[in-house]
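I've put the structures underneath this note.
Presented sequentially are two complexes of chain A, the first with chain B as partner and the second with chain C.
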Partner chain A sequence: MAETKSHIGTQNKKGQTYTDPWEMMHEAPRNPSFYTGSEVIKEALRRASCDVMIAYPITPQSEAAALIGELFAEGYIGDYFRGESEFAVMSQCAGAAFGGARVFTTTAGPGTMRAMENFPMWAGARLPIQMIVTCRGINSPLSIQPDTIEISYLLNTGMLVWHAETAQDFFDWILKGFMVSEEPEVHLPLALCCDGFFVTHTKDVVNLTPADMCLPPYDPYRSPVPCMDMECPPVRMMRDPFIMKSNYISYATHASWQQEIWAAIERSRKHTIKWINGLVDTENTDAEVVIVASGTAVSQGREAIRLLEDEGVRCGLVKVKSLRPWPGEEIREATKNAKHIFVPEFNVTGWLAKEIKATIPNSDRVHAGPHVCGGMTMPPEIIVSEIKTALGLRSESLAGRGS
Partner chain B sequence: MSKERIKISPDLYDIMPSDYQDLVQSATYGKEDRGWKDIGTSKELIEQHSLCAGCPESMAFRYILASLPNPEDTVMVGSTGCTSLVFPMVAVHNIHSLFGNQNAIASGLKRALSVRFPDRVKDVVVLAGDGATVDIGLDMTLQAWFRQEKFTTICFDNELYANTGGQESGLMQKGFVAKMAPVGKLFDKVRLPEIARESGCHYVVNCTVSKPSLVEKVIRNSVLIAREIGPTYIQLYTPCILEIGKNSMEGLQEMRDSEKPTERFAYKEYVSEPAKQFLAELAAKDKERKAAAKQLAGKA
Partner chain C sequence: MIKKRLNIRMSGLGGQGAVTAAHVMAMAANKDGKFSISNPFFGAEKRMAPAESYCRIGIERIYDRGELVFPDVIEVFHPQVITMGKSYTMPFYSGVKEGGVVIINSAQPLLSEEDLTRLKDLNVSLFYIAGTELAIEVAGTELSTNMSMIGSVAGITKCVSMEALDGALQERFGKKFVASGGTASLDEAIKKKFAKKEMLLAKNLATVKRAYEIASEWAEKNKVELRVGNPAVAA
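Our next item is the complex of A and B:
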């Protein structure tokens, strides 16, 4: 902590002032700018005091990954290179984080899947790497289109998982994400997800913090595990490596460490609530009908609610921002009045609906849908139609749906 | 880091483990001419090991740790296998993460250390088995060399997957009958030293660990060249006596038999032109230093 504080007010080599993160994110003036999601990632990184970024091309994150290369060329990032595959990139990120660097990377779809072996290792090694996931299809036949199925694979890795709705979320959460991830009692990697193309490739007005302010540098000596830089005494870690042992002590060691990772996710809860203003956002949750969604499905849900209002149907909204830590208590509270809970999702399995069903009482209130997948858009009308059908209201037929 | 950093508070001295006390008192951190001859008179940087009795890998480990030119600022990267049984007992920081990703880990690590310590030397040394280096991790082994990452890659070549019970590996000899090669291995031993040369390594050596003085020279050269010029690769024959049906006391002879001039581990070395020049400069400086020391001793 002492080291982090000591930088505040001083300048980096680019002339940016290391600023108290809370002040920078909540009190500093904001400048409205019209940017794509990819450009917003770049702008967040410009202010992130990032030591190492490692890139690999895969649609739809390639542009963001390349733009951060430009930041490196301008001198804002300590080091940057293109790895040879996502598996290698995530291992390179791990190496850099083991060495005490603030590390950032981006990936998508099949890349996330290829790299998967690394993620429980990151969490187990307590590496606070931030990874942007610009979700897309992962199945065969090949698709590059938006689809959030890959998030479901990340949920049990031990990483923090957040799901951004807009480019504004993205800008704020990248910077705030480092603050939560790097808390000594958390010190876990963060998968910051968004829906590919919808967020990365569309332009939006985003309120940026001043470009001459940046986060204080990461202090690796606040880590709960030693930084691998030979700056602290190296000692024999154990008499016999536990990995090969089939005895109670070995099992207990491994079990308690896994429990510790999940306890660290729990401990991240208060920091996440503080920094992103709650794990969920809610509107009108006294209504009998509530939509619970994450990512751009929230935007579509919001539009559906407006259409329903025109027809006299009142509907509430729960925007799930953090998936790990999971906002179980918040969702139970927000849905306690609901008779019908709709969960629109951009994936075929409906993983969010399953999580919600496992969380709330009377889970038969949950209507898992509508679902679209493989890159299909989700017009608000199909959410309206799903809700009206479930409520027994007459629904106009939707052209193109064959209904 | 120097020995100063590992000093024990006097109040806590008596409760520290004896191996740590030994480390503070007589390890060779910071000793300029450290080498294999320190073994026996100083605290080694390896505390016991859980390898099989007589395992040549344990000899290799001891010689390498005795020969690192800068252990007080060296971080080692391992991989899954028998080596990962030893690393928890080694007194330099070391990383084990996944099977086969060691050169990717080392790439990120070396770059992070360069960003964080721009004015200090921090060496990175990879040490992994042949399965990790040549089979599952080959992509990352080669790509680190293509990118000219400045660290040393050491492969303990025991010509099979030892830790999982003796399965065929890419560095196994053709025709060898092993698990997963039930009718004998059908293709030649992968020629990684040659591939290393073509991939941009500046110093490549293929040998056994039968001679500690040779291991010392090779390790020292490989770390110093990697630090100053670019990637280096050392392939060391560390036979798995268990899997080739040898007894504990037969490992050394197995290595001696395999390093005869016509055998597959006859000493082979490649040094790039920039590395040759660097070694020549190093030798000249060394000579100068020794002459000055001699002169000083004469005056005294």
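Our next item is the complex of A and C:
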């Protein structure tokens, strides 16, 4: 039976007050702190009433995972342990979530790839697990620096996928993410991504909510599917996978279930808009030149816009916050005046530019780039140079590495 | 020269505390009411492997992250950065901005004629400090080399105050700090060098101060001025 008693206003064992999430995130006083992104993940978790966190070390998320271990030692996390591998961790997360826990984990790069099989399973099983992805290179030769190609692999798993620009985004979105994920009509896992190092290892000012306030606990009875019921979808599908294509009912259920996951992502749209204040942020989108980006590329874009301003070139900005649900309508609207759309990305394939091209009319306006890859930094100067070159303006040659 | 933002690139070797130095500088700038960001850049965490960190300090909000490709100040924590190319950029001063400053931890000059000409063409000032020797002399351990480097850049540019540096050091070493396993074991190593935590703080601060004075004097004598501020107001 769903709980009828509200936890709001009562205290947990650490003396934190369960607070109305909207009030906690929007009205409670904020305390500016100078923290690394990893420390900020810890501080968000302190306030998240998290039941289970499962860890496995991989740079650049190891610090965050270790810090959450400290939090467990302090008594703020229900249970915390280390899995045998990322695949094991994500499977164990599923087990904990099936058991009705609010589950959190962190991973990165090759770890994300290793665990990939679990993500569509999480989504299919409607488990509202939150996974932090601190992006890094996944290819050989090895790179631990941020390369966002792993996000493109997550886009079609059925998970919600958000891409944070700063540690402030991270703090707010970890807490708000649970609120969106756990809506009964959504009830999907969230991959909350950031560019590793540029967010996790960067010290920046972050405004924190009071440490004596926390989210109300997760109520597993708000799940839209019965808990661990072997006779009902989705677990039924796992019980007898071999007859899926020979049994009409099984086949039809499976097909409609897949559609239901994507419908749930669509239904998350209104909650995401409400909680993170829109799927995109926009600035000066009446300009003829607009940068559309996500993650750290937004920050580098902001610096490039300052430099362009000094040279008399006006440039707008679209910060894509949510990738799933995809802000198609918002991007069409924000780019309707743009003659040139630049999509700087920290990966070689330009997945964001491809998504945008598939979304807007006259997609030849999209300049896919600049790109840096393998964890290279994107100096704002190269964005400026790309834009000026495309506009036919004179551009100084850049004295880069080794020149 | 007064700039809205000062970009500092610290090139060192794993274990020297370049990452900590950038964090301490950024924390101090934040205490001084300036905007600041610091972040590291390294491969596998191992001693003597190249490790860089970056500190950006300015008078307006800073978005820029990652490797500092176009720095105003370059600090070289170890001669091997130059002599063995343990650097993410070759030569180590690649990308340095006109009118910038290069600070090298070495008791002997390390640069070739060609390097000197190229730096001179860019009007870049060059300051050598025997930072490791200074750390051994003042703090009694080479592990405080990063304090010499903090003092040097602060002394030349005045981008952070001594009071703020004192506060930042207290914050960084005065309480338990959990980062990676590597950082944690290094923290333990330096704590073992001092009988008491207060001693660690006092000796490190003394090293910063001494380097600050030496660098300050050098900057005055050589008329090197590179400051963070509002150029419009200064003009």
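Please note the rule applied: the second predicted complex is superposed on the first by the 375 of 403 C-alpha atoms of A that agree within 3 Å, B and C clash if a C-alpha of one lies under 4 Å from a C-alpha of the other, contacts with A are read in each partner's own complex, and residues count from 1 in each chain.
In this section, contacts are C-beta pairs under 8 Å (C-beta built on N, C-alpha and C of every residue); 3 or more make two chains touch, one makes a residue touch a chain.
Note that the structure is predicted; figures quoted are calculated from it, not measured.
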| request: Go through the superposed model and pick first if A:F81 touches only chain B, second if only chain C, both, or neither. | output: first
| task | Using the superposition on chain A described above, determine whether A:E185 touches chain B (first), chain C (second), both, or neither. | result | neither
| query | So, does A:D286 touch the first partner chain B, the second partner chain C, both, or neither? | reply | neither
| task | Please indicate which partner A:P379 is in contact with in the superposed arrangement: first for chain B, second for chain C, both, or neither. | result | second
| chain A residues touched by both chain B and chain C? | none
| Footprint of chain A on chain C - complex, ascending | 23, 26-27, 30, 36-41, 43-44, 63-70, 88-90, 94-95, 178-181
| query | Can you list the chain B residues touching chain A in their complex? | reply | 1, 5-6, 17, 19-20, 23, 47-48, 50, 72-75, 77, 84-85, 88-95, 97-98, 101, 104-117, 122, 139-140, 143, 147
| task | Flag every residue of chain A that touches chain B in the complex, lowest number first. | result | 51-52, 54, 78-79, 81, 83-85, 87-89, 91-101, 103, 117-118, 121, 125, 226, 228-241, 243-244
| query | Can you list the residues on chain A that touch chain C in the complex? | reply | 34, 36, 38, 59, 62-63, 66-67, 70, 144-146, 195, 197-199, 201-205, 296, 298-300, 302-303, 376-381, 399-403
